[in-house]
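Quick heads-up: structures coming right below.
There are two complexes below, and they share chain A, which is joined by chain B in the first and by chain C in the second.
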Partner chain A sequence: MQVQSKLMSLVKNQNFVLLLIFIALNVYFASATKSYFQVGNYFNMLTQNAALLFTAAAATLLMKTGNFDLSTTANLAFSGVLYAILAGMGLPLTLAALITLAAGSCFGVVNGLLVTRYDISPFIATLGMMFIGGGVALLICDGQSVRNGLPANFMGLMRSEVLGLPISILIAAVGVTVSWIMAEKTLIGKYAMAIGSNKNAAALAGINVDRVVMGLFILVALCASLAGIMTASRIGTGDPRVAEFFFMDVIVAIMLGGTPLTGGRGTVIGTVIAAMIVIVIGNGLNMLGILVFWQTVIKGVILIVAVTINEKFSFEKLRDQATPSKGDAGAGNGQTMEEWSLRRGNIL
Partner chain B sequence: MTRTSDTIIEIRDIKKSFPGVKALKGVSFDVARGSVHCIVGENGAGKSTFIKILTGAQPASSGEIRLNGEPFAPYHVSDAIAQGISCLYQELNIVEDLSVEQNLSLGQEKHKFLFPKRADNLDKARSILANFDESIKLSDKVSNLSVAQKQIVEITRALVTDCSVLVMDEPTAALSLGETTKIMRVIERLRDSGMTIIYISHKLSEIFEIGDSVTVLRDGEMVATQPLKGMTQTDLVRLMLGKVVAEQYIPSTGARDETVLEVRDVSTRKLRDINFDLKKGEILGFYGLLGAGKTEVAEVLFGHDCRGEIRKDGNIINMKSERDALRSGFALVPEERREEGIFGLLGIAKNVPLMNMKTVMKNGLVSGKAERDLADKYIDMLQIAASNRNHPVALLSGGNQQKVVIAKCLNRDSDIILMDEPTRGVDIGAKQEIHNIIRDLANKGKSVVVFSSELQEITGLCDRIVLMYDGKVRETIENGENIDTDYILDVVAGKEA
Partner chain C sequence: MKKLLTMAVVATGLTVAPALAEDKIVLGKIPYTLEHSYHQSIVEIFADHAEKYYGAETIVVDGQANSDTTLTAVENMISQGVDAIALHSPDIGMTATAVAKAHAAGIPITTTLIYPESKNAPHIAPQEALSSHRMGVVATEQWIAANPDKPVKVAILDFGGFEQVVALRTAPFVAGVKSIAPNAEVVAQQNGFGNTVKSMEIMLDILQANPDVNIIFGANDDMALGALAAAEQLGRGQMDNGVPLTEVIAGVDGGENAMIKIFDPSSSFKLTHGQVRDNARAEVDTMVAMVRGELPMDSWMEIPTLSQEIDYWNTSLAGAQRFLQENFSFDGSLEELLSN
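Showing the complex of A and B:
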């Protein structure tokens, strides 16, 4: 009996289902093509997508608050170009990286200010920053990839290994772990959840909602900026047009991983497994020799399916919780606008 | 002011103004320690504003509150909590996706580098919870609890922080009867343990069940503060509503012998066995206190789900949506003018035809001339005061906005016009004009149903009056010269006949 109910709850657990899909995909690709199931290929996948993994993990926390960032691609491109320019000017790589991270975090500050201080929806705020950042990235390099004067060790970061592991995989592992600890063990994760679930209640409980949201926007911007630095050193140039679909991949991973756009739910683990699914599909299809354009189509399908599943889950939840309308409790003469707006949901 | 040990809160001349509105015009009363002190008043009486001041959500414009003899002027909700005043707001303020334990500590956690420390008051929380409802576990996810259980979690959260005054703003508004009884027992137990409770509700039966004393607010003023013992529900209602001056009632001129609408045994979650008829050319009024079910009746007539039978002109109609209701010949002037009535950014000429675009279409396109003509017709007919036809309706006065909403409904040319609080937030002059418009409509053969919480409006306007109490029709009476407002108040206050 108990075993059965445990099995049932396991089946209902979204992360478990995702893990099964991940394993199934691996089995399929391994049987379909010889070159897939090899340590080298997995290292390759992880190295290429390290940035996606840790950025999506951090952005899960942001999405839990009901916010998201579309400007990660722009930030990545801008940071890569800036890092290459600074390195080309002869700055030590560490200093160039620190300056780039500082500049990249400005994306988060602006996004956060727009959303918290000026009450602009995250869609508009970060869409605007996507254009601004993307444009600035093209401006500072004149639209050309930055190659001139790069030091010999420019590509060193991604080539070096620690304990036999490529450094980018280590960075991804550390980044994902930090996000996981933040989400599951610290108050930040709890507060993010509370804000996404019931912002009013969170504020009335004394949580500084604006500060939490602001901090998470900056965290995501830092990740995107680091992603830019890593991408630049991986490909050996500061390319303003690199990783166009980065922000979509981040959002696909988060939503497939079980975090809805409105927040209040979701796990970092889910995001990471979902990101791995997206990565494995891309790699596997490559191995099978399927056109890269098909991969874009498939990503779109995955996004829509993921959102549909999420919406259905949260819809059922909402219906169960539906509380009855307050009857005659109307807003009358002399009441504040606040009360008017509070009752907006009560449609006759 | 001398302080006696059994007064916990002294409120002195609290005033609060918003731009253009005086929400509180000087409220003073004392709250006895360890009592259940109720605050009642109709809509707009100032209850919510008062609660916000007491709990630190808004500052008062002037006046003084003393807590245990000390001046008390919270700047923030957490100030009030720190000094022992906690509040359960009308909307539940707990986070559905967190566990009970996580909710209890939310925002108040002790932590080290943001890693929460183990809460030291878990045993206390567990025993408080067990006291109220043994089935709630600290590890339960809140979204799996019933509304009453969530309420208990909120109460527990207040108790864990050692509050001495608990403010409850309509805690039973969303509860079933059984759950309400449960909360009543909880409140009694809290009072017996020495806590002071300030209880806001519009359900008079609850107030008489658990209240020790009551403060009545009306139009931002304190009308009375007195012990509930020895009072009747009618006494309380009379204090809440104030003096009712009967307006001159002019009967509608029509014959009123043709029945256009029959409602039989209609029930919903909040209504039980509603029966009434509506005649052609009649103004039928629905009167009852807040929560008696007036709005629900209007909802049912405008396409909400219900059990029972609605016949129009003898034929059973089955409405599933607002569109169905419109097609069946109903039109509604909604209660919430700004939310549901007007399209604020559009001008009169654009607002008026919206419920019946046919009236301004020419060859499949909207004709500007037709719009202007139509607007002019209604501006003239209803005496709408506006500088021009394209002036955004949001900028008109309340009375003129309401006339635009009425014009929009009239343009639909429905047989039955439902009017929910037709003159709320409208000045006296415009009110009289709107009443004249309604009477005119009836005289022209339309049937009008008026839902109002203003007795004066009902007795001055309606030909017949349906009195509601607690989701039921108590009685339907004919209006006339000898209408007995005292009797009406008795009925809507729930006094058994």
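Showing the complex of A and C:
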């Protein structure tokens, strides 16, 4: 009986279902093409999508507050170009990277200010920054990719390995782990959840909502900026037109992973598994030679299905029905997040 | 639509085999973007030529006009173990990275249109600059002959700063114009995003601000068609049996939609140039030669192909029909389309 209950609980766990889908996709593609199930191909997938993994993981925290960032693509392009320009000017790569990260974080500061201080919706604020950032990326390089004067070790970051693992994979692992710890083991994650559940209640409970939201916007901007540095290092040039749909991949991964646009719930693990599903589908369909137009259709279907599942068939509701005596893990003792929030003091 | 369906069949049909064929050559082809009929035709002819002449299999992955996506495609093809790669990249710097990666894996690679400064792989080089220059000359001659009192004002729609588009298309076109009208002025140059609708919107603004523009160059046919649509919306876009009244429009690629306008005596879209078949065949031939060890894979070699210039005044309808059949698998009648 206990085993059956545990099994039922697993089936109603969204992350478990996502994991099953991920495994099934791997089995299918491995049987469909022998080039797929190889260490080299998995390294390829992870290296190519390292930036997506750690940015989506960080953006999950932001989306849990009910906010999101459409300007990640523009930030990525701007940061890649700026990093290449600075490197081309002869600055040491570490210094160039630090300046780029500082500049990239400004996207987060502006987004955060627009959303928190001026109460502009995140859609409008970050859409505006997407246009501004994309335009600035083209302006600072005059529309040309930056490749002149780059030092010989410009691509070193993405070519280096530690213990046989590409450094980009390690960066992704560290980034995802940090976001997971923040979400699950620190108050930031609980505050993000509280803000997404009920912003007013969170504020009344003493949570400094603006500061949390601002901090998370900056975190996402830093990740997008790092993604830009990594992309420039990978392709060997600062290209202002790169990764045009990066922000969509981030949002698709987060929503498929169980975090709704309205926030209030979601997990970093879910996002990471969902991102891997999107990555595996892209890679597998490419290996099968499926026209990219179909891949775009499939991505759209995935997004709609994910939203439908989130909005209509909440896994949390199912899980709560399966285990009615347990409340939210963060709140504990059957409290709602609002009740938990109200009991918190002003910690931030 | 037909082309799109054919592409879908090619792209999916090529993959029926569960794995790469071990007993025949497998060629990877990365087009710039499959959103344009030009690149769809390249891929179709490429796969057909590879199969027919070498019994080779083709794997196609769309570069989506994006450096990151294109490099990802190269990496995945290396991982798949293809025998050679044909790359039409959107960026010079990334091309160098892609060539280096392929060479590091011992896989021959060819480039087309965009090549790395390192010049360390064979390059298929359509002679576009010559044809672009020629179009500038012909367009200006025709305009001045019909409107000797109106100074030449040029507007250009490009892809937004791609160096080799400048080198092969826009700069030679302007040079051609200025060789006939040294005082000609480029009054506007904007990014048309390679897209008809965008180009129409942008050209409406350009013509609003510069109504005296009389020569328009779109760096591909889609943009030229957008410019024509904008001109028509403003009551322009007209010729009197091939005599320029309002402006002369030129494009690049030479697809069916462009040809219908070019050979319509009342439309102001009158010139284009393009090459599909010879490019695709040159890519395949070069790749197979490298795979067989007949050509070194890491030496620069420029393989020129003619990008044929086609215009209303100097090209016969039969010549245009033949061009479409050879390059775009066109099986209709251009004459019938024009009479409808």
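Here is the rule we go by: the second predicted complex is superposed on the first by the 312 of 348 C-alpha atoms of A that agree within 3 Å, B and C clash if a C-alpha of one lies under 4 Å from a C-alpha of the other, contacts with A are read in each partner's own complex, and residues count from 1 in each chain.
Definition applied: a contact is a pair of C-beta atoms (placed from the backbone, for glycine too) under 8 Å apart; a residue touches a chain by one contact, two chains touch by 3 or more.
As the structure is a prediction and not an experimental result, all values here were calculated from the model.
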Touching partner for A:Ile188 - first (chain B), second (chain C), both, neither: first
Which of the two partners, first being chain B and second being chain C, lies in contact with A:Ile207: first, second, both, or neither? first
After the superposition on A, what does A:Gly264 contact: first (chain B), second (chain C), both or neither? first
Scan A:Ser197 for contacts with chain B and chain C and give back first, second, both or neither. first
Residues on chain A lying within both footprints (that of chain B and that of chain C): none
Considering the complex alone, what residue numbers of chain A touch chain C? 31-35, 38, 40-41, 44, 47-48, 138, 142-147, 155, 231, 234-239, 241-244, 283, 286-294
Under the definition above, what is the set of chain C residues touching chain A in their complex? 4, 7-8, 11-12, 14-15, 18-20, 34, 59-62, 64-68, 71-73, 75-76, 79-81, 90-94, 96-97, 160-161, 163, 191
Which residues of chain A touch chain B once you look at their complex with the stated criterion? 185-188, 190, 193-194, 196-198, 200-202, 204-207, 264-265, 317, 320-321, 323-324, 326-336, 339-340, 342-344, 346-348
List the residues on chain B that touch chain A in their complex, please. 18, 21-23, 42-44, 46, 48-49, 77-78, 81, 89-98, 102, 106-109, 111, 113-116, 143, 147, 170, 173-174, 202, 219-220, 269-270, 290-296, 298-299, 302, 332, 334-336, 338-340, 420-421, 424-425, 453
